[in-house]
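What follows is one structure encoded as C-alpha cells, with my remarks underneath.
All chains are identified by letter, namely A, B, C and D, in their written order; residue positions are counted from 1 within each chain.
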C-alpha cells in the first residue's frame, strides 16, 4: 500500500478513541479507501487500543475482506459497508457505545447541540430501532448487510445516529472530523444530561449550529494534536 | 502446581478489577480448581492490586485453606465456597463494592440490561438481604458457611446478585467471563442511573438479552486484551 | 524579551488548565504585557497542552498581533483584547468551555458560591447572550472587536462571566489568580449541581464570599505548586 | 526526632489524600505526638501532595509551633489543636473539602452509612455552622482557638463532622484509620447522592454500622497498602 499516512491516522484514531473514553474493548473506526471509493479500511477484530498498522484490513462494500489472510473481521463491519454505500460524502465512520450517549439511545430524549462544539448535531439525531428492521429477537448487532442498510436508512443525511439498546454511529468527511464528532457528541450528551436537571435549556438554533460546525471544521488539527499527544504520553 | 497459566489469569484478574474501578482495597476474585472441582483458588487477605502469584491459596468447599502456611484468608471466603458448592456451572466468582451498583443494592430499584453489553443481567438480578438470613445485628459480612449458603440461595441460577448495604457478586464459567460481567454490570448500573433521569427506559427484552449475552461470550478475549494492556501500562 | 519568568508562567498556565480539565483542544489563557499595559500575550492557535515558549505572541488592544511571523492567532482573541481595554484592573484572562459550568450557561440557573474556595463568585455571575449583541445567526464565537466589547460589557466588574451556548471567561489580577478562578468556578459548578438535587442550598452570603476570596488570594502559591507538580509528573 | 516511621506515615497520608481526591491544593492531616500527647505534628503551609519529611512541624495544643524555624503554619491549625484538646481518644485528624461531601455540608441532607465500608458514620454526622459561633461576617476559616473549640464542640464524640460552606473534619485513633474515614466518607456521600435519586434508601441500622466499623478497623492495612502503591506508581 502507498497510503501509509492515512493508515497511521486510522491507527491513531483507534488509540485516541479509547484514550478519550469513546470506545473500550469494543467499538471501531474505519476510513474509505483513498483511491478506490468502493472499498474501506478497518482493523481486524481487536480492542481499538491495541490495533497496529498490520491489523488494518481492506473491505469491499459488501462487507467482505479483500485479503483476510486469516485475520478475523468485526461482526458489525456492515455498519461501515452500508453507510459507505449509501453516503458518498462519508469518508470515515466511528461506531461506539460511549457512556453519556446511551441514555439518549434508550429513552427517546432528543440529543441536541448545547454549545458551539457540537453544532454538527444541529440537523437532528435519528434513533435506529433494530426491532423495526428485524423484530424483537435479535442479538442487537448489525451482523448482516440488510441490517447495515436499515441503519444507513435511519441515519439518512445526518452526522450522527443513535442505536437503541446499543450505541451510536458518527460519520464524517475525514478521520479527524469523525473522531471530533464522536468525542463531542459524547461531551454534548453529558453536558445536556447535567443541564436538563437544572432547568430549561436554550439549545443552539439551526443557524447557530450550522455556522458553529462550519467554523470548527476549520480547526480540526488543534484537538487532534492534543489527542495524539495524550496517546503518546500514555504509551511512554 | 502445574496450572500456572490459570494462576496468571487469576493474578491478572485481581489487577484488572482494581484498575477498572471494580475493587479498591477490598473485594476479591476466585477460580475453581481446574483439576479438583471441590477446591478453589483465592488470594490471601490483600488488596487485589498487590496480589502476586505466591499469594494465591487453595481452599476446600468448606472455606478452609488446604495449606495456609501462615497466610491470612479473607473473612468472606464463604461467598466463594458456598456458591461453588451450589453451582457446578460456576468456575469463577467476583465479589466487589463497585460504586454504581450500590444504589441498586439499597433502594429496591431493579438493575436491568440497558444495552447489549449487559445481556447477562437479563434473567433478573436478585438482592440478598442479610437481615432475612441472620437478623438485624450483623456486621454485614458473609463470614460463615451458613451466610454463604444463604447468599447462594438468593443468587439462584443468576449471573449476578446484589447484597443490600454491601455490594455484589458476579459468577461465570471462566475468569474472563466473570471479569467481563463484574465490569459491565457496573457500567450498566451507571448508564441506567443516568438514563432513568431522562425518561422511561426501553430495556433489552429477554430474547435480546439472552442473544446478546451469547454473542458477547464469543469475544471475551477482546476486552481482556485491553484490560491487560492497561494494567501493564500502569505498572510500567 | 526580558520577562521570561512571566512567559514561563503563561506556558505553565496553558498546561495546567488542560491537565486540570478546564480546557481541552480549545480554550486559551492570556496575560497583560508587564511593561506595556496596551498589549497582551497569548499563544498562537494551538491546543493549550502543547503550547511552548516560542508560541507566545504579542497583541495590541485591537486584537492584532505585533509581530505574527506567520503564526496563526486564535479567532477569539478579541475576548482578551476588549476585556483588557475595558478593565485596567485585569492582568490575566482564561476563556474555556469546562464541563460543569456549561449547564449554568444555558439554563438561567444562577452560579453562586457554595463554599469558601469560590468566594470570588459572590458578586454575581453575568451571562452573555450573543443574540443580544449580534442576532440569532452567528457561529457563537467572539470573532470581532465589537463582540469582544459586548462581552466585556456583560462581564462588567465581575470576576467571571458565562457565555450562553459557549463557555465562560475568568479574569484576574495575575496568572495564578485567574487559573485559580477558572478551576474553582468549575469545581463550584459541579458541587452546586450535585447539591441542588439534595435540597435547598445555603450559599455564602456577600460578606462571607468577599472575606473568603480575600483570604484565599493570600495563598495562591499553594495550589499552583500542586498544579505544576502534576504537569511535571504527566510529562515525565 | 526518634519517631521517623510515624512521620513517614504522616507524609504518606498527605500524598495519599491528594492522590485519592480527598484534598487538592488545600486540606491537611495531622497526628498527635506519640510521646507528648499535648503536642501534634502537621505540615507547614503546603499543598499536601508536595509535603516532605522536613516540612512536618510540631505544635502545642494552643496551636502555636514549637520551633517554626521560619516555616509558615496553616491558618486553620486550630481545627487540629482544639480537637486534640477536647478528644483524648483522637490521635489523627484530616481536614478537607472533598467534592461529594460538600452537598451534605450546605443542604441539611443527612449523611448516613449506606454500606458496611462507612459504618463509622452510624453515630450521626454533625454539621458545624460558623455563623452560630462567630456571626455572618467571617471568611469561613477556623482561624482562632475559639473557632476551633466551637468546631470541636459540634463534633462532640463523632468520627466525622461537616462544616457548612467549607468542608469536613475526620478524626481517628491512628493515621491509617483517619485516612480510611476521610476516603470512605467521601465515597459514601457520592453513593448516597446517586442512590437518593433512585428511591428510598435502606441505610445500615445502628448495630450494623457499629459492627461493620469494628470489623473494618481490623483490616486497615489492606487499603493502606493499595493507597501507598498508587502513590508510588504516580511518583515513578
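Here are some notes:
Definition applied: contacts are C-beta pairs under 8 Å (C-beta built on N, C-alpha and C of every residue); 3 or more make two chains touch, one makes a residue touch a chain.
Keep in mind that this is a model prediction, so the values were computed, not measured.
For the self-contact between chain A and chain C, the two sides draw on mostly distinct residue numbers; the shared fraction is below half. Copies chain B and chain D of the same sequence differ by a rotation of 90 degrees once their CA atoms are superposed, given in steps of 5. Averaged C-alpha coordinates put the centre of chain C at 32 Å from the centre of chain D. The distance from the centre of chain A to the centre of chain D, each centre being the mean of the chain's C-alpha atoms, comes to 45 Å. Contact with two or more other chains is made by residues 197 of chain A.
Taken as a graph of touching chains, this assembly forms a single closed ring in which every chain touches exactly two others. By the definition given earlier, chain contacts exist for A-B, A-C, B-D, C-D. Residues 18, 24-26, 45-47, 49-50, 75, 97, 99-100, 102-109, 136-141, 164-167, 193, 196-197, 234-235 of chain D are the ones that touch chain C when the two sit in their complex. Against chain D, the residues of chain C that register as touching in their complex are 114-117, 119, 187, 190-191, 194-195, 197-205, 207-208, 211-212, 214-215, 219, 222-227, 229-230, 233.
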